[in-house]
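Chain naming follows the written order as A, B and C, and within any one chain the residues start at number 1.
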Amino acid sequence: MTAVATLSPRPVRPLGYLLAAAFLALVVVGAVCAPLVTPFEPDAVDFGASLAPVSPEHLLGADQSGRDLLTRILYGARTSLVGPLLLLAIASALGVALGTLAAWHRGWVDAVVSRVTDVMYAFPGLLFVVLILAVFGNGMTTAVIALGLAYAPTIAKYTRSVALAECGKPYIDAYRVQGMGGLAICVRHLVPNMGRSIVGYLVVLFGEGLMSLATLSFLGFGAQPPSSDWGLMVKEGQPAIVQGAFLPVLVPGAAIALVVVSFNVIGVRLADRMGVRGI
Amino acid sequence: MVRKLTGVLATLLVTSFVIFGASYAAPGDPVTFLAGGKENLTPEYLAAVRAQYHLDDPFLVQFGRWLGDAVTGDLGRSTQYNDQVGDLLAARLPSTLGLVAYAAVLFVVFGIALGVLAAVRGGRTDAAVVAGTTFATSVPPFVVATVLISLFGVRLGWFPVMGGGSLWHLTLPAVTLALGALAIISRVTRQAMVEQRELDHVTVARASGLSERLIVVRHVFRGALGPIVTMCGLVTAGMLAGTVTVETAFGLSGIGSLLVNAINTHDFPVTQAVLLLMVTAYIVVTTLVELVQPLIDPRARRRT
Amino acid sequence: MLLSVEDLTIEAGGRRPILREVSLSVGKGEVVGLVGESGSGKSTIARAVLRLLPQGAGVSGRVLVSGDDVLSMSPAALRDLRAAQVSMIYQDPRSSLNPVRRIGDFLTERMVLTLGRSKAEARTRALELLAAVGLRDPERCVRQYPHELSGGMLQRVVIAAALAADPALLLADEATSALDVTTQAETLALLRRIQAERELGMLFITHDLHLAAAYCDRVHVLYAGAVVESRPAKELFADPRHPYTAGLLACTPELGDPRPIRPIPGRPPSLDDAFAGCPFAPRCPHATGDCDAWQPRPLTVAGGSTACRLVEA
């Protein structure tokens, strides 16, 4: 738990930032090169190794079915990291478009966007996502799309405030005077200029997105077996707790916590640097 | 005031419409969907569902009748338990409310205490509290739950692992539910206190010979109370939704775990009812928080 | 002597001290003016009398109130001094009052919590004080919140609170600067009346030299944290001996005065401007090369002292 021990208060010291970055790099490399790192298959059942403790063979132990936990964590990192990435892609595509549109058009577009946002904000926590999942059925794809939709208003709201500030700058007026169309100004000038602060904001949201997605998987709404998504691993490992075997839940749990902490440490620093507001 | 209430009612109406209309967004015939999507459905059963949801009426009329039924307590019949949804909720609501109340007490008391401590002591205490709360908000509740069960439930055996009932049973779930909220509240408290401390009237109070303790209590904390109460209210309002994860993780029988079961078994009437309940409670509590504000800050009274 | 500041030097990390060897005194029933531009350190002096020092400040010298050194007294004695002996009136009455507490609370708080009076007694006294500072409906006033009163009324409340403990010394830190002109005159008259009635010593801090000269018995002019001229008000006004004092007097327009307005060139020194010699030399119209090397010290002139080497020459 080294990354945790050095976690420092704001302003984040470079040491914490470096450790967080190193840890994330390690996870990403591990996930990409998983087949080279471990000799096991993520789904390889071996009842002889059921609930195996930490050993040279199973570095982080094994779950009830004897599947190697390190292997599953590394393969699971793929879903657990790509999932939030996709949902943020959906959310930011929608959110940036709507936010820019609202700020550019004001008037009724702005009003409509903010009403829709209000309705979505009236659902506390993940309930909006849960409603979508209840209608369209469980599964990772639905979960990612639903979360993407749920995060869009947040990003739209943020983009709108950044865009409003940016629209007030003279260069936008200058393009308008030159006769450039609204769409062209937005796409070619406004959005790229907001890029920095939006990307900073997305990094901060990544940790939250990962937690949300893992929570859905834990509830059984997201990733389905035999996936080794970290949230699902915690769910599947839970029965083993009563038998006194904690590794099946602690390993994926720690993976989630450490990755989220790392993203938050980096996010706070990036936010400071890129002038992300209101976090 | 009247405007505010109309706004709240409008939000409630729209959200309930979204919850109701969701069944129409589902692929396939709403009847099959509402009936639980099972294959071997008798025509009689489908007819009953049709009648329950007034599916033969125009869409808006259906919504109106559904909402009217919901307001009068008729939430339909569960496809899974074959029980009145209202009865299911009534049976499970007390334990969920107990859990939320327990967690609320925990996070209010400890969150504010930690925030005040960090603001007053400063230095290392402050750094430790900030680091601790940053970490606490980075761990999802279901992970906290499994860690607490492993450590205090199984390894140390201090608390029962599963099931509910007593306060003792509810302790670990309440701690889990409270942890994130505690982190938020202690941060808000700390921040508000630090801001208040810089204000001139605090120096004035100090210059009039008041002791530091009295200054902190009567001026700094009193001034910070507005944001603290607002945040406590908002966080408590959101907690009902938080029980979904916590009750599932601890195997408690409440409306949170009811929702999870309903979704996993395609029991849409129950899903609708629980969502409606949680959203309504959330909107009502957040509105109450806004209404309480003028009692805390006299400056807000003029505007209402 | 009621208040006696001796060689007070306060350093807080800048390149020059905030205050450098400041000495001044206030007797019973005396009004002493302290004049300077913003950043000259005048508020720091008033705050030092209550030991409200900047964070991490290095302090030398003594601040005696009725003979006791404020800078070295015990916390209990300090609270007693703040509560009972010295009161301060601040520039902005709106920010001096806790916005979420009633006026009555503000007045009775110190009486109940620091002077140990009963609540009923404190309330009676609060009503008396509010009447004494000329507020028309004290009963109503104690139930109101600060945002319901005008700036002038609030300043009266602050003055009433300052009188709550029957202090011997009043520190008025730009007490009227934030008020509009008519309220300003009323408030000044009120302060003067109360000061005379109760024979209070008052340290009157302002940036307005004309006001100080008209209002005070003696005036100290402060520049870059040091006293540059210190004389009876009338003499100072009639015949300023320090070029800075003369400059301040010359840069305010006066009705029927044919002289052109001459602003002092340059800008007030910040804490990052360090000086080897006379700090005013860079802006002084009379400065010679020697001024840059001359360590300012008070030189006796008619009625007081001034820190300009040119008076000797």
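One rule holds in what follows: a contact is a pair of C-beta atoms (placed from the backbone, for glycine too) under 8 Å apart; a residue touches a chain by one contact, two chains touch by 3 or more.
None of the values given here were measured: they were computed from a predicted structure.
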| item | value |
| --- | --- |
| Highest C-beta pair count, chain pair | A-B |
| Farthest chain (mean CA position) relative to subunit C | A |
| Chain centre separation (subunit A, subunit B; CA means) in Å | 22 |
| Separation of mean Cα positions, subunit C and subunit A [Å, integer] | 58 |
| Distance from the mean Cα position of subunit C to that of subunit B, given in whole angstrom | 54 |
| Residues within subunit C bordering two or more other chains | none |
| Residues of subunit C defined as touching subunit B within the complex | 50, 52, 78-84, 87-88, 90, 92, 95-101, 109-110, 113-114, 145, 147, 161 |
| Residues of subunit A touching subunit B in the complex | 4, 7-10, 118-119, 122-127, 130-136, 138, 207, 211, 214-215, 218-221, 231, 234-235, 237-238, 241-242, 244, 246, 249-250, 253, 256-257, 260-261, 264 |
| Subunit B residues within the subunit C interface of the complex | 199-201, 203-211, 214, 218-219, 222-223, 225-226, 296-299, 302 |
| Complex interface listing, subunit B residues touching subunit A | 11, 14-15, 18-19, 22-23, 25-27, 33, 126-127, 130-131, 134-135, 137-143, 146-147, 149-150, 153-155, 161-162, 237-238, 240-242, 244-245, 248-249, 259-260, 262-264, 268, 271, 275, 278-279, 282-283 |
